[in-house]
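Note that the chains are named A, B, C, D and E in the order they appear, and that numbering of residues resets to 1 at the start of each chain.
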């Protein structure tokens, strides 16, 4: 099943917002938020057994989060990057734990660092950060420099001095 | 000739037995009291006779002054009187309990049966005539059957039926043997039989002895012939079982002693080879088999009556072995062990009766914690079983020591015999211990049954005897020793009965 | 003199029983005082060897039964030291039985047991010996199972084995009496006559010895019979276990020393054509091997056991193994070593059991992994246990070492290389499980539920302190115990070892125990000097430990989790796993019991047949008997 | 505020004599916290062989004198470093490897990595370099040994003297109870 | 006077032991082609340890460590060091030496396990099991020697071996020596058998909680132990010495032999260590014993 057929398969099923072929082994498809789950389920049936990573990208200026699912198929030897966009103010998306159990940890990580709620994932607890009370740090509007200066003490002036 | 009144021992119980229906008309409880009193008379009179005979040797009591060997005579010797006294004593104690048992409508027939049974066994020990003995054996088996079946429960009928079948088979064998004896020797008097027995040709003689043995071993509860034992004991009331084992068993063993050592055999420590058949070995093998089977089957039983039944069967087996060994010490040991067994086994049976009523069932698993409820019964049961097992300073210990000594001194393959006996003794100790331990386990039992004072009295008497013999057995030793000498001295037996050696 | 001591014991038993349910402390102190009086009387009897008292009970047929007691050197020695230890234990049980329910019956039986204990040691003829032996078995059985459910199963091992032994001895006694050449019940003369008989009829002598050895081995839990002490001790009341393993298990050894060892010695003297292997009869060499196997087996089972009383019981079994091996070497060093080890073992093992009893009295816990860190809470108990295990491992300053040293002298000078290796393996192994017990109970982390555990009341501490003092005393000057042992060994016909108060001279080398202990103390001061150089050390909480930077509370590390005690010797178990199945002798015994039950069940089936069936048996039986009669 | 100069804490008299032995046999706690840990094996083995100076790896803080912080410290690993430091016995010294321990290094603006190690535990010696090579480490050891000999390396005394200050810093990082940015700053 | 002699013995053992350790570290370094610490490094380490602050969890820990060190120092008195011997009567009784050494290990075990750290207890359980492991071959070999020399005193054994190399026991009973040599490797806790203080597995095993002077005492105990164990083997097989320096030289040769094995061999898994000890050295010891018995 080569890359063209994959794109057609998804397109005539759910309608693709955008697709892009990076090279002979990697392609990306952007799907709407409501049929992302169905697309993933479909692709899992078509031999995309492995969910390599689930992450998010913060498009601050477009006030949008882009949730990225990277699948890999051993038989077709293809890496499919499925993306979807959700609004930034109240970020929510369906959890894919039922398809891949490993997604629970990825979603917990993304929730901690981006603040995206995954509906149906029971363990959205704090994960890596040590009693973190501020906003999720990976967001673009989080100013790490000031945070570091406030918590760990200023270093920039000293370096300039 | 004071001994002529000995026949009263037989006559009075017979007379009273037939008057029982009359007494029951006057008052229901009277029959029980009358039986108790007659047996009491019998016991006291036989005790007096025993001391008299101990003092001045064996006596003869001629009935209807026909001189032997034609007339019937009773042979009152230390051996027979000792056994008679023990039988009457055990019967007396059991009747003491029977007195206060709740009255049933069959009481008068029950008392007739007990009277006949005790009278018959007493008579067997005294009689000097073989046919007379057969008649009393018949009476004994009939009355035992009546006794067993009176518990009017299904099991007792089955037990009674099985006993009847075996008893009749046995007595027919007995009759055949007596027929042969009469046919060949022409006499029924035991002394003359003893005198002429070795004139018979050996094969013919051995057949007679085999038949006689088969007949009598049913009463003595020995292996091939004791299939009736467990069912019979299970059927009847537990204190009546004391009669079964104490009276019937003792009589069976008495006859074995008397016939095999004085009459058929040739007296002391001489292998009774009657017609190329080494009867000693035969009896020993039977005895060992009975003990082995008795003990091991008792190990797997849960019902107290069955356990005690198998245990009494095993003890009879041990005594049979002592008869088989037939040297002076073993006879002493056999008699002593029989006496001990009679006392401790009847103590156990009598103690079992109130325990079954308190706990409500004979299954020993239910007995747990009885010690907490009624400490006296638990201790009595413990004393009884200690006596039987043979703990030092209890009565069984001395007889067991003597048995081991006598069997070991016989040498040869006797070590195998003593090995099995002690193995089965070990098994017996184990299962008695399991029961004793269950009694003293820390558990609560509720029950409303109150134990009557007479039962406590009976238990107390027997326990004191068991402990007293254990601590100072010397008083019994003199009786046993005299009885053994009398048993073994064949020529003395013949001469006292027939006056002069013809 | 002895018979009225026994009479007083009977009376004392009845009095103490009659003291009623409430006066528990009075009862036990009365019995302790009474035994003190008996001990004093025994001390008085020291010199009068050979005085015999007879009481004949009755005679029937050709035997007359009589009880006769006499004082022999060996008997007096055993009686005296067992009474001393018994007094120690009863002081302990005064407090221990404060809130026990069953203790009234136990006290009664225990005094009877003490009486029968004396009777065994003072009996001169076989009948008295057997009677006392039986009474001892019965009374001790009832003490082990005071009314609890599971303790019956535990004790019936003990019960069956000792009854089996008793019956074997019964046959042995009467066999002795029955053989015309011997025909005596007196123990001493039976030895001499048996030795003479061994020239003409070695077979019978062999069997008689086998019978007696069977009963003595069954009682002392030597190789084939070694599993029973573990269950019996674990279930027995805590104050009875020291008695059980300190004294009760020694009767078998007393029997061996009374009859078997002198018999072998006589046979060696009298009978030229006995099969010898490097200097001793081949039978006693085999029996020595039994002892060695017990020692090693006992050690292995103790290493893998997790219940503290079972561990101590198996250690008793292995110590019995040492004593048996050294006794059957038949050299004067061997017998002295064996006897001395019996005394030492009684001392340090009762000390160990007393401290275990104290721990159980306070914590009501028997599994070792549930305990821990009690040392700071119960210092005296810890000290007793520590010195107890030092003595048990045979480490010099204490008494265990003296007897082990003599045993090694005997084994090495007698040229028994493999026996020495087995014994050495067992004694090094002993150090393993003894330390494991010390660590799991007293050192390591203290579980939170034992935070407010206090030391046992002072009255319980007295016997422990006495234990410590006696261990140190005998360790420092073994002469005080070795002198009476020398007398007993001379009575057996061996030249006793040359011994002064603190010097012991063996064939291969000699040691002066006083010097050994003082070297240890000197070395301790030398080390203490170094200790003083550094700065003063500061105290740190047990949980403030190296945990690779983790904070224990944050990660739920409780002291219980932190105390490594459950599978302490798992590697040892893995090494022996392939052959473990075969080692376990309990399966054979369980199979035996199952077969007996099923055999019984099938037999009793025969009696359930119907009327016709039973008459068929009747006839068939008769026919078989007649045929067999004619054939034989 | 911490006194800059610790003159009065310097060792004196007999301590100086002992310092010779302490200098010659420093046991370092091989606590590989950052990327600098890779530099230690070469210093230990054949080429540079720090054992010449008696310096060797030790497994437990109880026995160690020298704590090497070989790189950046996140908050979680700081917690463990502090506990380990407190478990070590006096006299003890700390060497900070690389710029991460001085001013946060390349992680200066990270929200989890601390910027100045010396705020939390006293650092006797810092070796510059974004992971100093073994030569730098050896010279570092030399300078520490000289400082010990002169009695100036007294970080552990400083820690004891100003414990509250250190504790405050540590709590500010580990035990925070309210968010760092107030709601106003977040809006912008 | 006795006290002075006692202190003399104690100090010689410690100094020689520390010297051996220092030279040993230099020797291992040289094998690894690096300079290694000065030979008196061990002395520096000990003084540093004693100068450091130390902690203890309860009084049993202190008592245990002291007992450990005392046990080993006490045993040294029983061993003849060349011509010197402390006791004339009990000069080197092997049974005493072996049991006195167990005081050392008992004391250390008790002190360390009182600290309550699981690593240390695992270390101790390994140490004790290993002790059973190496005791068997050692004992079998020693029994063989006792049979031959008809006495269990090292003094007599040494006198039997006097006069020329030919009648040293190493020549007469080579198998025995091999067995004891392997057992020595385990006794000293050198590399193939350093399962007890396995730094990578259980954080230096028993010594986890020891700091400052406690660690110093453990260090001295190890030094004295090296001196003791090598001394025993020298007396048993290398025929003791008629002057003190020859004795130290022989000890040193043995120690270097075991260090060479230590420098180049990895560590055994624990069960395999005990199994190995029960197979190879025990086989050699048994061969030796059979030879002695049969001849």
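To be clear about the criterion, a contact is a pair of C-beta atoms (placed from the backbone, for glycine too) under 8 Å apart; a residue touches a chain by one contact, two chains touch by 3 or more.
Predicted, not measured: the structure shown is a model, and the values here were computed from it.
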Any chain that touches chain B and chain A: none
Target chain E, source chain A, minimum contact steps: 2
Label of the chain whose CA centroid is most distant from the centroid of chain A: B
Chain pair with the higher count of C-beta pairs in contact (D-E, B-C): B-C
Identity of the chain that, by mean CA position, is farthest from chain E: B
Distance from chain D to chain B - Cα centre to Cα centre, in angstrom: 101
Averaged-CA centre spacing for the pair chain D and chain C, given as whole angstrom: 62
Separation of chain B from chain E, taking each centre as the mean of its C-alpha atoms, in whole Å: 79
Gap in Å, rounded to a whole number, between the CA centres of chain D and chain A: 39
Multi-partner residues of chain E (at least 2 other chains): 51-55, 203, 208-209, 212
Those chain pairs that satisfy the touch definition: A-D, B-C, C-D, C-E, D-E
Residue numbers on chain B that touch chain C, as the complex places them: 161-162, 165-166, 169-170, 173, 206, 210, 213-214, 218, 223-225, 227-231, 276-279, 281-282, 285-286, 293, 296-301, 306, 310, 328-329, 332-333, 336, 391-393, 397-398, 401-402, 404-406, 408-409, 411, 415, 418-419, 422, 425-427, 429-430, 433-434, 437, 440-442, 472-474, 477, 480-481, 484
Footprint of chain C on chain E - complex, ascending: 3, 6-7, 10, 49-60, 62, 66-67, 69-71, 73-74, 77-78, 87, 89-90, 93, 95-96, 99-100, 102-103, 106, 109-110, 113-119, 121-122, 124-126, 128-129, 131-132, 135-136, 139-140, 143-144, 146-147, 150-153, 203, 208-209, 212-214, 216-217, 220, 270-271, 274-275, 289, 293
Partner chain A, residues of chain D touching it in the complex: 75-76, 79, 103-104, 108-116, 119, 172-174, 176-181, 185-186
Chain D residues within the chain E interface of the complex: 18, 21-22, 24-25, 45-47, 49, 51-54, 57-60, 62-63, 65, 89-91
Of chain E, residues touching chain D in the complex: 25, 29, 32-37, 41, 44-45, 47-48, 51-55, 199, 203-204, 207-212, 215
